[in-house]
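Structure below; questions to follow.
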Amino acid sequence: MVDFNIATVLTPEIAMAALALILLAIGLLIPPGARKGMMPLTAFSLLGVLGYTLFDFFHGTKALFLDGLYLHDQFAVYFKVLFLAAALLVVLSSGGYVQKLAEHRGEFYSLIMTATLGMMIMAGAGELITMYIGLELMTISFYILVAYLSDDARSSEAGIKYLVLGATSSAILLYGISLVYGLTGSTQYTEIASGLGANLSPASFLATVFLLAGLGFKISLVPFHLWAPDIYEGAPTPVTAFLAIASKAAAFAVLIRVYLLMMNSQAFSGTGQTLLVVLAALTMILGNLIAIPQTNIKRLLAYSSIAQAGYLMVGIIAESVAGVKGVLFYAMIYVFANMGAFAVATHVSEKQGSDQIKDFAGLARRSPLAAVVMTASLLSLAGIPPLAGFVGKFYLFSAVMDSGYTAIAYIGFVMSMVSVYYYLSVVKVMFLGEGEGLPDIPVHGAVKFTMVFTMLITLAIGIYPTPLAQMAAAAAQSLIK
Amino acid sequence: MNLSNLSVGLSTYLLVGAMLFSIGLYGVFAKRNIIAILMSIELMLNAVNINFVAFNRFVWNQKSGTNYILTGHVAALFVIVVAAAEVAVGLALVITIYRNRQSTNVDEFNWLKW
Amino acid sequence: MFKEMHDLFRWAWLIPALPFLSFLLIAFVTKRSKGLSSTVSILAILASLGLAIAIAIGIIQSGAEIVEHAAIVNVNWLNIGGLKIDFGTVVDPLSGMMLFVVSLVASMVQIYSLGYMHGDKGWSRYYCYQSLFAASMLGMVLATNLLQLFIFWELVGLCSYLLIGFWYFKVSAREAAKKAFMTTRVGDFGLLLGMLFLYTKFGTLDFATLAAILNTNIQNVAVIGTASYVTVMAFLVFMGPVGKSGQFPLHVWLPDAMEGPTPVSALIHAATMVVAGVYLVARMYFLFVHASPSALQFVADIGAFTAIFAASIAIAQDDIKRILAYSTLSQLGYMMFALGVGSYSGSMFHLMTHAFFKALMFLGAGSVIHALHEKQNIWDMGGLWKKMPITGWTFFIGVMAISGVPPFAGFFSKDEILATALQNGHPVVYAVGLFTAFLTAFYMSRLFFVAFCGPEKPENHPHESPWSMTIPLIILAFFSVVGGWAALPDHNFAFFLHYLPLGQEYEREAINWGLAGISVIAGLLGIGLAYIIYLKKAIAAESIVARFPRVYKVLQNKYYVDEFYLWIINNIMGGVAKVLYWFDIYVIDGIINGIAFITRGSAKTLRRTSTGQLQTYAMVFFFAVVIIFMVFAFGEGQLTSLNPLATLGGVK
Amino acid sequence: MISSALPTTNSLLLPFILLAPLVAMLMIIFLPKDESKTIKIVAAIGTLISLVLSLYAFFAYDRVLGGMQFTLTIPWIPDLGVNLAFGVDGISLPMLLLTNIIGFSSIYASWNMEKRVKEFFALLLILITGVMGTFIARDLFIFFLFYEIVVIPIYIMVIIWGSTKRVSKEYAGMKLTIYLLIGSAFLLVGMIALYLAAAKNGQPTFMFDQLAQRQDLYSPAFQKVAFGLMLFGFGSLISMFPFHSWSPDGYAGAPTAVSMIHAGVLKKIGGYGLIRLGIFVLPLGARYWAPIIAFLAICNVLYAAFIALAQKDLKYVVGYSSVSHMGYVLIALAALNPTAMTGAIAMMFAHGVMSALIFSMIGFIYEKTHTRNIPDLGGLAHQMPRLAIGLMLAGMASLGLPSTINFISEFTIFMGTIHVYPVLAMLGIFGIIFTAVYILRMIANVLFGPRRPEWDHLVDIRGPELVPLVICVFVIFITGIFPNILLGMINSGVYSSGLAKVLETVSQVKMGGLF
């Protein structure tokens, strides 16, 4: 273990914590008129942290400290980059939206910060309790964010639902953790792995299932997915975006560590993998099928993101460097694709005052850029070349086929082509409907930047994925020795 | 007579924990009042705490040097803190939704569906 | 001496090239100006005619030598793995004769058209097609291999399609054109197959090479038991001629083809294109010879049947052009069975003479129709001889020629055919031929007496046609008279293109005047009968009709063959098409749409799973956990056994 | 043969061909909406450039040397072994040329487009680029990339500019898209499986030639399955019975330009893929499936021909006829011998040009008369002689009239097939009769017959509208009269690319019952 300085390694986390508090303070202190400045401030500070983290990714040292409580490997840093990027894009795209909330603008951003911090801790945690703390930090911030439109009944309903279900699920997760602790006497991944070894008591089964359920809830894995659509629909759109992208990615970061380091003992893997295969297949099928008849864009994206979780699971099933690499790669491009879609959704619903798909009619005329970005993002989610989604799926499914699961690949590809059906029906509305009488929707400023940026990234990675692929590969390598 | 028969062992604690957990779960399923549901959740979390402490006390109470390893106890403390935060937020949300819907009956919170 | 002739023959490619050039010129340059178009076209065809005559003379001079080794020029046209095709020109007596006939009739017809088509707004288009036709027909004659021949064969088919449908605004013309194309297509199907088999078997389509192969190793072909194979190919190849030369049962298109302008009927549907089939059989004669005898027998039977079949129909027709059309059919049958019975030269001879007098009669008919303003029913005519002396006289020569009256051309060719038929032991065919000769003479003279003799019709004000139309008539009449003398004194014509199937020497045989007499008598009988019935009115035609009403009806309706085909096309083909379309829409598409429907439906139902009740969610969540735990705890073995299921697809 | 990495002018030729329409597309995007004239001209220039360049490539290609030429290879995704590899040989070059011919004429076929011109031509250019890319790609990954690029623009074009007849254009577009995508899903699985199998002992690769070299890594069982997947993917693209039903509806729904490109070249990607990927890389699989393909092919020919007899809508007639013609390509592929292969590729070319011509003519008819229903039409030769000539020549080509390239292609196919599948081949040849029937019926009922006063106001095609007619007719006849221009090229491709060698190994020459 190389020697290192905690300060340097933990800088991002510390910075985020500080920022959260500062923003909170500023939000309270400065007069409402001056709160316009909050968004740029947040954005730039996030950008700074992101920059540092990127640097850290390439030049940081692999470290394991506080008695293995906390890990600092490229895997963790990769995910931190991902969270920060997501947060940044959310903040950028949410500018206009948040303008409408007269009060509590400061809290909004600081809550985003705390949530991000929670995710970063999850990614870095080398031990279950730490992971749990991060998870709760993230989740509780999200409870508030989801219910942020305090005078919108739907928003608060979503909040309540998320709270109850989230709390229940974390309780179950905790129960699992306690059992694991009871079985192995430790909460550190590595020691648990050695502790569990090959002996499989019903208790260890129970523990595993509870852990799986707790994390499966966060990544909205069927059958633990039921909460997602409601919450996504009710929450403020930027929050939905953040929820769909970052919290899922964070849960995946944990799942990969837990699954690959801990659950993956020989005697276990046979059943475990079959089970995961079945669940992943169910996730892809249900997610894509139920998305078809949706009429609300946010709900549609919710189901699509459930399906995406299914694709990501495939990478975990592969149980190989390639698989993890696939997950990392896909998670990253998933950020940009989804952010593009949500940025458009946010913008339109802000101008239109509704999330119905039919209100996108004639968007191609009313706001060509938005329409194009939406199309590109959706097609990337569907995995149509030359957009990034295709390469991502290719990594995932080639990995899983390499590990010998072909059925899941069939299901995955066929379902992603089915998904094209409902993505295209959105595209159809945007391009075919003339949308008479509906006003043009100008796009500018940070939102425009977000849209163009996400689209360009999606396209660029799709055409020339090598850099990102190398990053993902490095991260995957760092995880699996 | 042997007092050790009367001693309350790990299994007892685990049983209590499990019962608490199940009661809490039942509450979450069955209660109609949102406040009650929050309380049930508290029960579940506390069940977890009992597990932690019991495990630490009965199974993994080794020492390293002179001091005990208190992972379980610490975990319990963390959980308590988190639970407190959760409930705080929860109650705040209850107030909000009550303002919006004039009700705390979860059956009525079904605007978002399908 | 033969050498410089050979140099001349090298230029044979110009004969089709010139008309093709004029076709391009008219199509792309001169189509605006009528005068220019016709001039270009006629000049081109006359030039070809000149060249053809020169070559013909050359052939006659080089005599037997040219028969031993025909003057062949080849350039590679297509060369890929497994398929090598040349294009070239072959000059031998056969092609020489055809070149002469075709270019002569073509140029006559084109000149004639100057008068006939006068004032038609499709003038340039007409000459455009005419040139294209001349080019393709001459190209076909010169073809050195079967594929090249087939290509031009199809092109003449295209031209006939275009020219039949020349007045495309007439629905009847449109339909006739379509019918012609489709019917011949059926024949081409066989021809194409035959070509494919030939090439697969012998690796070439070149006539000379094929003949050589078949001649040399006919035995070992027989030894490896593929004689039957050759026969199959012979039959298949023969399907083409059946379609093109209107043999039964694919004869139906030819009478309808009369919808085209009359000069076209004269050129394409009497003199040249329709004999392409005969020409093809002649070219491929070695194949039929080496095929089992049944093949040639088959050819003979089909030909004979067609001859008498068409002749019998012709008796009962009233439309002047249709009568001629059916007589063409029957004469084609004549040529066919001539080949069938082995009278190769006779068939070619008859081909030539027939080209002359049939073209002559068609043009004559055209001149009549022209004079009577598109009247075609012979009963509306009468007494035209006085009003239109040139037309009358020339037509009379034509009738004499076709009835086989010496010294007109038809006599010699027919006689040779019939003689050979009897000598080569085909008495039945001979009898049929003889009877056909009688019928031919009968209906032709019937036509002539009704139309040209007898009382004039007051409503007609006929007048002789312009010189542009009469001069071709005269020229053709001249050839109809002297054309046959090529056979004097003793089958010179046969010598002139004698054919050596199995390498034996050709020996001259004198005309058997006895047999000739019989056929002449048959002809005269026919004429006499017609004279009695239609001129003297000694026997009323009506009474005969009344005697056999059913027979007459059947004859007039051409044995209902057309109706039969029409029924097949409309009911069988149409029916199948409709059924399959239904199948496509409702079954194949139905499956697709069904899948889509099921998907959407299941989505709609599954959607209901999210009820919005958070307690339901919580329960589902927990019981899912329980179930998974059960599966885990108790299903260990079973699930791992399920694991292969995960690798279903077996790719890995 | 991998060329040296450093690009020469030759190796840059293909990228230029590919980029020309793309650049035009970008220019169009930045042009103002209402500059429709300029937009069209830009599009035309863009396609013209690549047409000229590909013509240059066609004639500069060294047939004696053979093999892949104008190659360019850039390592693209090293960890997957993907190379950005371009190059053309005698097989792909005709396809490339075909794409450009049709692309160029399709621009002019939609010259009168007035509705949302900007989007239309931008999408059209993307479409053309994508199709071109598939034909010049030497790398399976790149090939697939380009192939899927084209799917979505087509959908958008169909739903915006399409026409609703028997089925709504939305339905047609969605059917077309989903159908092809589902097919490509299975294709993708097969592709990955192949890729993994080839990468068994390290060195992952997607290069066609290297995949083909690693024959020994593919077990027969694997080849069967993999080829089956490819067959489903490419087969549904080339509208192999019974996966054809998207094609008539799709063409009927699509705007003229899309029908031209789709029927003209896009479909051919199926056949091209089956050759490049199926037969080249998985010969044993091909051999296993060949009889089935042959049978289905004949189903295509006869079944579709019959259905075409029952059609009233012009585009449906042509749609089904294209299905029927693809049957010839398929049976030629199934014959697995060089002659048939040559014929198949030539047929793809021939049918491409022909269908482009016929679709553009029908497009004009529809544009001017606003109907495609045959009974409503008739006697159009009176008012629109040039259009009539175009349609008739197209029809003649379609029924395989000699002196058109279609005839030679069909003849070559039959020549290569007749001794492998005598009976099936005969049935196939029987199909030419039905082809003649429905084509002649169409021509007669649309163009000929008495003059109809209601069409007297129609003006004949002129000016830019003549471009598709002139180009396609010229190509059809020049290659038909001098077939060595095209077939010689293809032949050199079939032999120099090693396809012939592969075919020898699986050659299943069996004399059928007749022999």
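All chains are identified by letter, namely A, B, C and D, in their written order; residue positions are counted from 1 within each chain.
In this section, contacts are C-beta pairs under 8 Å (C-beta built on N, C-alpha and C of every residue); 3 or more make two chains touch, one makes a residue touch a chain.
As the structure is a computational prediction, the values presented were derived from the model and not from experiment.
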item: Chain occupying the middle, per Cα centroid; value: D
item: Chain pair with more C-beta contacts, A-D versus A-B; value: A-B
item: Chain whose Cα centroid lies at the greatest distance from that of chain A; value: C
item: Interchain centroid distance [CA atoms averaged], chain B/chain D, Å; value: 67
item: Centroid distance [mean C-alpha coordinates] between chain B and chain A, Å; value: 28
item: Centre-of-Cα separation between chain D and chain A, whole angstrom; value: 42
item: Separation of chain B from chain C, taking each centre as the mean of its C-alpha atoms, in whole Å; value: 98
item: Chain B residues counted as touching two or more neighbouring chains; value: 25, 28, 106, 109, 111-113
item: Shared-contact residues (touching 2 or more other chains) in chain A; value: 160-161, 164, 168, 172, 229-230, 401-402, 406, 409-410, 418
item: Where chain D touches two or more other chains at once, by residue number; value: 178, 189, 193, 196
item: Pairwise chain contacts under the document criterion; value: A-B, A-C, A-D, B-C, C-D
item: Chain B partner contacts - residues on chain A that touch it in the complex; value: 129, 132-133, 136, 140, 143-144, 147, 150-154, 156-161, 163-164, 167-168, 171-172, 174-175, 177-179, 181-182, 185-187, 229-231, 233-234
item: Residue ranges of chain D in contact with chain C within the complex; value: 175, 178-179, 189-190, 193, 196, 221-222, 225-226, 242, 244-245, 249, 303, 306-307, 309-311, 337-339, 342, 379, 381-382, 396, 401-403, 407-408, 411-412, 414-416, 418-419, 425-426, 429-430, 432-434, 436-437, 440-441, 444, 447-451, 483-484, 487-488, 490-491, 494-495, 500, 514-515
item: Touching residues (chain side chain C, partner chain B) in the complex; value: 607-608, 610-615, 618-619, 622
item: Residues on chain B engaged by chain A in the complex (per definition of touch); value: 14, 17, 21, 24-25, 28, 34, 37-38, 41, 44-45, 47-48, 51-52, 55-56, 59-60, 62, 71-72, 74-75, 78-79, 82, 85-86, 89-90, 92-94, 96-97, 99-101, 106, 109, 111-113
item: In the complex, chain C residues that touch chain D; value: 76-83, 147, 150-155, 158, 165, 168-169, 171, 174-175, 177-178, 181-182, 185-186, 188-189, 192-193, 196-197, 199-200, 229, 232, 569, 573-574, 576-578, 580-581, 584, 588-589, 592, 596, 649-652
